[in-house]
């Protein structure tokens, strides 16, 4: 196992200690040591936004807190959803009396624990709305889209929700913005190599060297078909065609392209895919508003990447362009 | 109420191996341990903050059990929470018990997006709810009503042996668990049997 | 091979196309397609700063351009130094008449090609000073420190030089600041797993699963000793003791801690090392000015990390804290 | 001058396999290809921008050869560049040739941080420089002086066969190349032989 660890069962607690050593002035750690609360918030923001999920996806989810993004994040064990306790701790600290939005990936355990937390918060008089992000096109057919998993598109949905909240919007308005953003966002991934969960010490799934699994999820959930690895351009075309097939960009819409590398895959290969996808979009007459590549949500040292396209109407464009700074999410803005 | 939870913990500890084995058939074999950790947290929390009422006790239990996380944590957490809200400091009689059980099952169904017949804990809980509702209708006293609920829950759990799992890890490899009851349903039966002290 | 490529010999050119698609408003690509010039520069900066090196280390080196950092970067093939041509192209575009500083990793090929470029620039009347960054403590003994390789410490040396340049300093003053920064910076790495050069298609070096090589370089250059992987805290202690042994932090000095993960190694493990190193420094009475973990210079999908410590006197502290924004280097500043 | 570079290209193309084989002993076996790519770029650049003088030609050649990158690119690039600067539009006679060769060797030593005896291209180039310097002292006409330089360079290259490599890739596994000349030195010998048209 090529990993540098102490006791595998302590790795999340130790990671949080290290995060606090690096960013203690920017974030506060809650009593359970599994809640991260941002000390930087726009005064204009009335509601609280809480994200979270299993560890092992860094920079997601504590890296998603910051002005213009989430106000706090609840962490679970590696690839396990957080329990209600850190979610409640964070929500109680970020609520300003106008309610809290829960924004997290649509996984069974996460839905249950965030829902449990929401139920508990009723006793603290805190109103909660939830939006489980569902953007992984390969994880369920269009007619059961609400059952889809949440992957890299969640970063863009959070960007939209965060910007809307900083405009002073109400909980319902921000919830609606998140749903609208999710509706115009699709992601599909391709797995190239497994990762190793610390406690397990062996690969989470078997994928023979030289083969790929189109549609694979961020925990190595099986995709649509295992085949020999294709050329980068051919794979990029396959992913893009699947996304555009459902998204059908409208006239006034431009595209935000996000290529998320899953951990081991180098930025070089992410940029090669950005090259092809932006070329194809322009050829298809779809304006590219912005393209980014980087590690937005990883799966420890998994090899592979995902392609996300968000179709921007005027509102979404305004919100993705709003200023913001997340603790460790690769920047989505124009750097200068 | 506190004594009841202590009985549930003891009964679940005794059945941990059985529950883990059942969960290992089509899941990850941790349901027994998870339920023991859950009831331990409940008993410890109740000893730390002695509850003023049954609803207080259930509220404390809810927060404590939820801390276990995973799937069982929120399921039992929200069930205990909604049951506690129904009681709202009332003295527990058969009618209140039936209403509380109904609230608990509805909460589980909502959070789990599952229902009777999906081969989950809900199948045993719903059986207990129905038994309590019938007892309430007949004016049966609480302890006897709880014994009815216990035997109904046990039967409900057994019935899951021939059901197709449609949610949770079991749904990923249904054939493996066929012929044996669902771990979550057995854990619920053990809960009701201990509450009714009909062990 | 778990890589998504087209023609392996075209990967650098395609990566540059993708970079231009993503950041065309921030950077300009030179005619040879191997030079990247930033469009964002502080008006106060009189001199030009040019960095560069082989590809495969992303975000180094084009990710290092930006206000407060480099004005341009020259790219070579994967793990091969850039030829003089892109270096000359970039230098001619960033010179403002006050000369240009070449700041790059101390590798034979880089020294030769940057020196060749410097010689050619004499004909364009452009004065050049060079500082090959040498911070890899394991690559040469103290008495031959100038022969040491340049690794993750180069990001901090560049930060210092960029800030000094933005203060309107002369070429000699910025060159001196870079040398001073390098003198107070040491890095040592640990290799955990090989990477795959696209053209080669097979691992660059063999390292049995479960063993580590303390002192390994960013191209997989052999380190000091191959042993069984240790616990994270023990390895962090070993690395820190080696650095402090040479750095000997003075009274007025505080430490900037940088843990660079080499590609596959997850951020989680980087933060576990940050935890231990900051604890040990505090126990030793050394103030920690800032600690950061991330992918500053990688080696494709190599597993491993390096620990860098820069001892900050008042000048260096002022300069590392100066505002700045690099295209793709994980931020070194306090985010809010 | 342009015709000389054309001869050098042809001679190096003929010797590519030999140079690659020598470089493969302790390096990565690409020196022959690299030198061919270098001289091709030089010849192409000179055809595209016909030089007004010898120094112009060398300057154009320097930029073109440098573009090959790696190790050979900057080494020969800076040698051609500094040689061109010495000539500064003068007509090339033996003295100028000796001075230019001296500048070229000094440039290679500086950029490579190496010197005579380190088993590199410098060993052959320095031999040619010394032959030209001697010829300049004796007033030998240019073409004869160049023939002296060519044979000196050839001898210098052969002498590297028994030297210990101290720089470059060869230094990483010295034993492998012992007994065969250094690829870079052989390439320099081929250069001088072609320039002197003494092939």
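Letters A, B, C and D mark the chains in the order given here, with residues in each chain numbered from 1 onward.
Note that contacts are C-beta pairs under 8 Å (C-beta built on N, C-alpha and C of every residue); 3 or more make two chains touch, one makes a residue touch a chain.
Just so we're clear, the structure is a prediction, and the values are computed from it rather than from any experiment.
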Cα centre of chain A to Cα centre of chain D, whole Å, reads 57
Could you grab the centroid distance between chain C and chain D? Build each centroid from C-alpha atoms only and quote it in angstrom. 34
So how far apart, in whole Å, are chain A and chain C when each is placed at the average of its C-alpha atoms? 28
Can you tell me which residues of chain D touch two or more of the remaining chains? none
Multi-partner residues of chain C (at least 2 other chains): none
By the document's touch definition, which label belongs to this structure's chain graph: line, ring, star, complete, or other? line
Report the complete set of touching chain pairs. A-B, A-C, C-D
Per the touch rule, the chain B residues reaching chain A in their complex are 59, 62-63, 66-71, 73-75, 77-78, 81-82, 107, 110-113, 167-168
Quick one: which bits of chain C touch chain D in the complex? Just the residue numbers, please. 76-77, 80-85, 88, 108-109, 111-113, 115-117, 119-120, 123
Under the definition above, what is the set of chain C residues touching chain A in their complex? 1-6, 11, 14-15, 17-19, 21-23, 25-26, 38-40, 55-56, 58-59, 63, 66-67, 190, 192-193, 209-210, 212, 229, 231-233, 235, 263-275, 278-279, 288, 290-295, 298, 300-301, 303, 305, 325-328, 330, 334-336
